[in-house]
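Paired with subunit B in one complex and with subunit C in the other, subunit A is shared by the two complexes that follow.
For the complex of A and B:
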């Protein structure tokens, strides 16, 4: 494997094949972890049981284990990519849907629809959540535009506070309508409720990730500002709208199906950029793979650390993610 | 004439209001606030007082004393913290002090067992928790505040993330406990003004009084400290020692208020910001009582308003969180726009 230092000299074609080979290798690693995660759990779904054609084992395999792993992979990829897109649009390394109020807005949306129309199907809830997520994110971007100095650390601070304010409104009404407990289920990401028939909407985010992959370059350009974007012949407003939609939809779908997954969108793109630099075309697939791997590992930890009980993945993630985020923050200080 | 224009600027209502406050002597401000606080407490104790008075009155008294203690603890700790860090945005709770306290408590329960913790004498438990908390926060924040680069935004961000980390870690530990133990612990955590442990009140009051005496004696040093590290050192203040002592006082106060009613993130920020608005100077001899009185008025008055006018139960902390969050955002943006 060639090192980064010699790459510029290498012919472009070979470079690309090396890159693809590495991506495929990483994908295989993620696949191995994913397959491994299928065999983690309370009821016995071992390879031998499956080989022996044990009907019960096969049923759990198809109804619970496979959907769960698929959901973990999809959510992990999507949230990480959403974080990356958010970072490109805000031109800031420290923002992601859960630090700029997108997730909190989606949660508020779910609350509103639960109060006004409790019996509405999950798709309706998701649409309302998405609308709220779009509005919340747009509000953040509007505040961002009014900040004259793009202070790297001020932007995430403003985002976190905005999220806090929206969350306070949500808590207030949840308290009034006695929905606090229901609410906390959305606040903490948890895959234990994922069964066949209850996660399929997550496939929507797979489409969104692909969309993000193809449009990634545009978001980089749009992050440079309206004039710059227009000079390059790109429709600024439309590009920002597209990014906003992708990020908000991903957040809303993930929050409604599995709950909030904190720090994922923040940490993974940063690690990818540390390892591979800022080439965006390369960053998107790597971010997706790392995101999937990260959530898979956290989910396995959550399932085994207190066996046979389960710790929600969101909790494991908030601890690991916060530690990694602190590391990223303080690394800058010491540099 | 341009000069005439300069000398007679059209004052906005807000500026005039601020001028009016600025020209009021601090002693008068304190007097007015004190009267308001006393009236509110009296109303809180006596409003709708019918039925079994012997049962209702002591309960209200406990509730109101808890609020007053929290007002003192939060107000004083936030003011001290802002003085030491020489800025108007940082507060102990934004820096994660109170989530640290909850983490210490959880960790203690995790190691010793929640049942042991629940049955242990509350004073012993409280003493141990505060000792752990003070030790740890002293270590952590000494490291944070004596670093070479002291960007306010970095500090804030690190504080918020540390708070998240502590909270996440506490809930993780809580999940790792035996489910039966977790249920016992849960009762210990979700405290509010409605179920304050009367046994803790006395201990807290004594501790707060002791801390306040110490702080009051330091008030002139604090005035110097507020001018910044370099000035303070030039004037001959043993900066490092004083800062450590102030941080100790802060940890103690935060621990007390968190033990009494649980975390209230933005309350201190609200109260101290208002205090600076109402106080002409920057002398701690004036600021300390003003901040404490505003805190008392906000808590007792707020609770009164919520309970009696709007008929809500205990959503005061949520409202504080909401208004405090907006104020924080405003301060943050105003600071950066300048």
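For the complex of A and C:
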């Protein structure tokens, strides 16, 4: 097992039952927030109405509330886990899909398909977005391999610059085709359009998160470099490809269905790492739970702050995420 | 000494040359005197401009509403913005009309080289007023959303005065007034309306006093919901909100139709169970308003007539 090589086995074994209990407790907390989210909205869907078998309330429940909550949970988990995987592959804590060009590439993909074939179904858009996301992320990783020093700040800086260039190309074409405002709709994550029949593709990311969980140890190893990985009998290139695929697909699916959710992939894995250390197999479920909780809370805030109108979740997250991120940076410097 | 003398002579020569130039300039102004007499003062949103020429030969405008009015009056512009022109104004995308920037940002070099006699800005380009004023007489004909009809009429009458088409403006405005009055009587009993804009999968709602508020404020369609009127971009709402406000008429402006699928009235965003449960859907009163006319053009002489007629049809 590669795991035993990486983590000290004894304390982990001793804590295992306590760890599982804590995970279950956290899952219950997320579930409570999710149930709370189901009862937030413009229409009247109260527990008593549901108990009284009010057909109208049940309709809203199934058509609008449950899909939205499920979409929020899925997107929150997936984007946070994608951020974690990205950070391992780049061996840098300040890297995530929206700071290395993955999200920007996916957006460029949607723009291209919207201009060339505006009537194409959402699945086609998603596939094109995924291809672009893979190419963009691969470009980043390729640049990363050629960087002389693995400087902590240089890596995210390069990522942000690459993302900036791709975003500039996207903006230029959006401007030429009068799509600037449509572009800003894609770039700001928003769950207000989620209804039954409009979010189901997000279940794809649930599969990807599971895949990430099972492959987690491999990314930890791969993050330590090609030689180290090969010494442990792992195919470095294949592992990097797998990670690249997971991260890109998650980004593309989320961007096409709800739009970009900023900072999530950055902030959540960092919080988890501060609290639980760097053991990846442990970190994946925690990251997923924290991600879901963070987006749930932000979406509830977005829905209530200007009730009955909505503030896009992307905007709430930018504000909360930026504050959290600054807090993390300052803490790190003081430590 | 010799050097100083030569520089004196040089200065004298320069002075003489300058005198001649000024004299010539003076003469030129004197000869164009009759033309200068035909300027008028126009009071507008950003003050008053005193040297607005009557029947200017070269007009640059950034406002599609003003362009629509000029088109209705048969006045040819020299410079127009680069934009995706709606059907009624399609001809202005031709190269013979100089492109002087976008709907929002003037291209000052292009404006300058078009050498206009008059520049007309509005809402989207009002901020460039000061800069443009340095190139040529500039007026700001923004329509005040708080009193759209009065404001639109006042602006149109100003254009009538500038282009010496007062009679045509008066008769066309009377036509608009008549349609407005007819619509008002019918709208009072036609049920409550809600205005939404759909864009990239999302929905925003507009209320009285907003940029599309003319439907409620002027044409008297009762509001299905008291949507706040802040900014020009409406309020982001969920489909539950539409279901709960349950409008009898749902006015839809679909920004996405501008993207390739123009002319299509099907709106995939609103095709869902919650919207279908509203009175508007049941009574077949989901009204697709012309997005280019409402969103891009706005207050132009032909366009306002078309806008009012569309609402009149919806309450018929």
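Criterion: the second predicted complex is superposed on the first by the 321 of 335 C-alpha atoms of A that agree within 3 Å, B and C clash if a C-alpha of one lies under 4 Å from a C-alpha of the other, contacts with A are read in each partner's own complex, and residues count from 1 in each chain.
The rule we apply is simple: contacts are C-beta pairs under 8 Å (C-beta built on N, C-alpha and C of every residue); 3 or more make two chains touch, one makes a residue touch a chain.
Note that the structure is predicted; figures quoted are calculated from it, not measured.
Q: Using the superposition on subunit A, decide if subunit B and subunit C clash or fit.
A: clash
Q: According to the stated criteria, A:17 is in contact with first (subunit B), second (subunit C), both, or neither; which is it?
A: neither
Q: For A:329, using the defined touch cut-off, is the partner it touches subunit B, subunit C, both, or neither? Pick first, second, both or neither.
A: first
Q: Look at A:156 in the shared chain and tell me whether it touches subunit B only, subunit C only, both, or neither; answer first, second, both or neither.
A: In the superposition, A:156 touches subunit B alone.
Q: Is subunit A touched at more residues by subunit B or by subunit C?
A: B
Q: For A:43, select first, second, both or neither according to whether it touches subunit B, subunit C, the two together, or no partner.
A: The second partner, subunit C, only.
Q: Would you check which partner chain A:171 touches, where first means subunit B only, second means subunit C only, and both and neither mean what they say?
A: Touch status of A:171: first partner only.
Q: Check whether A:309 is in contact with subunit B, with subunit C, with both or with neither, and answer first, second, both or neither.
A: both
Q: Is A:120 touching anything from subunit B or subunit C once the two structures are fitted on A? First, second, both or neither.
A: Touch status of A:120: no partner.
Q: Can you pull the subunit A residues that subunit B and subunit C both touch?
A: Touching subunit B and subunit C on subunit A: residues 306, 309, 311-312.
Q: Considering only the defined contacts, which subunit C positions touch subunit A in the complex?
A: Going by the criterion above, the answer is residues 83-84, 199-203, 205, 228, 235-241, 243-244, 255-256, 258-261, 269, 272-274.
Q: Tell me, which parts of subunit A touch subunit B in their complex?
A: On the subunit A side, the touching residues are 94, 143, 147-149, 151-154, 156-158, 160-162, 164-165, 168-169, 171-172, 175-176, 262, 305-306, 309, 311-312, 315-316, 318-319, 322-323, 325-326, 329-330, 332-333.
Q: In the complex, go through subunit B and note every residue touching subunit A.
A: Subunit B residues touching subunit A: 147, 149, 151, 153-154, 156-158, 160-162, 164-165, 167-169, 171-172, 175-176, 179, 265, 312, 315, 318-319, 321-322, 325-326, 328-329, 332-333, 336-337.
Q: Under the stated contact criterion, what part of subunit A meets subunit C in this complex?
A: Against subunit C, the touching part of subunit A is residues 41-43, 59-60, 63-64, 114-115, 118-119, 177-179, 181-182, 185-186, 190, 192-193, 195-198, 303, 306, 308-312.
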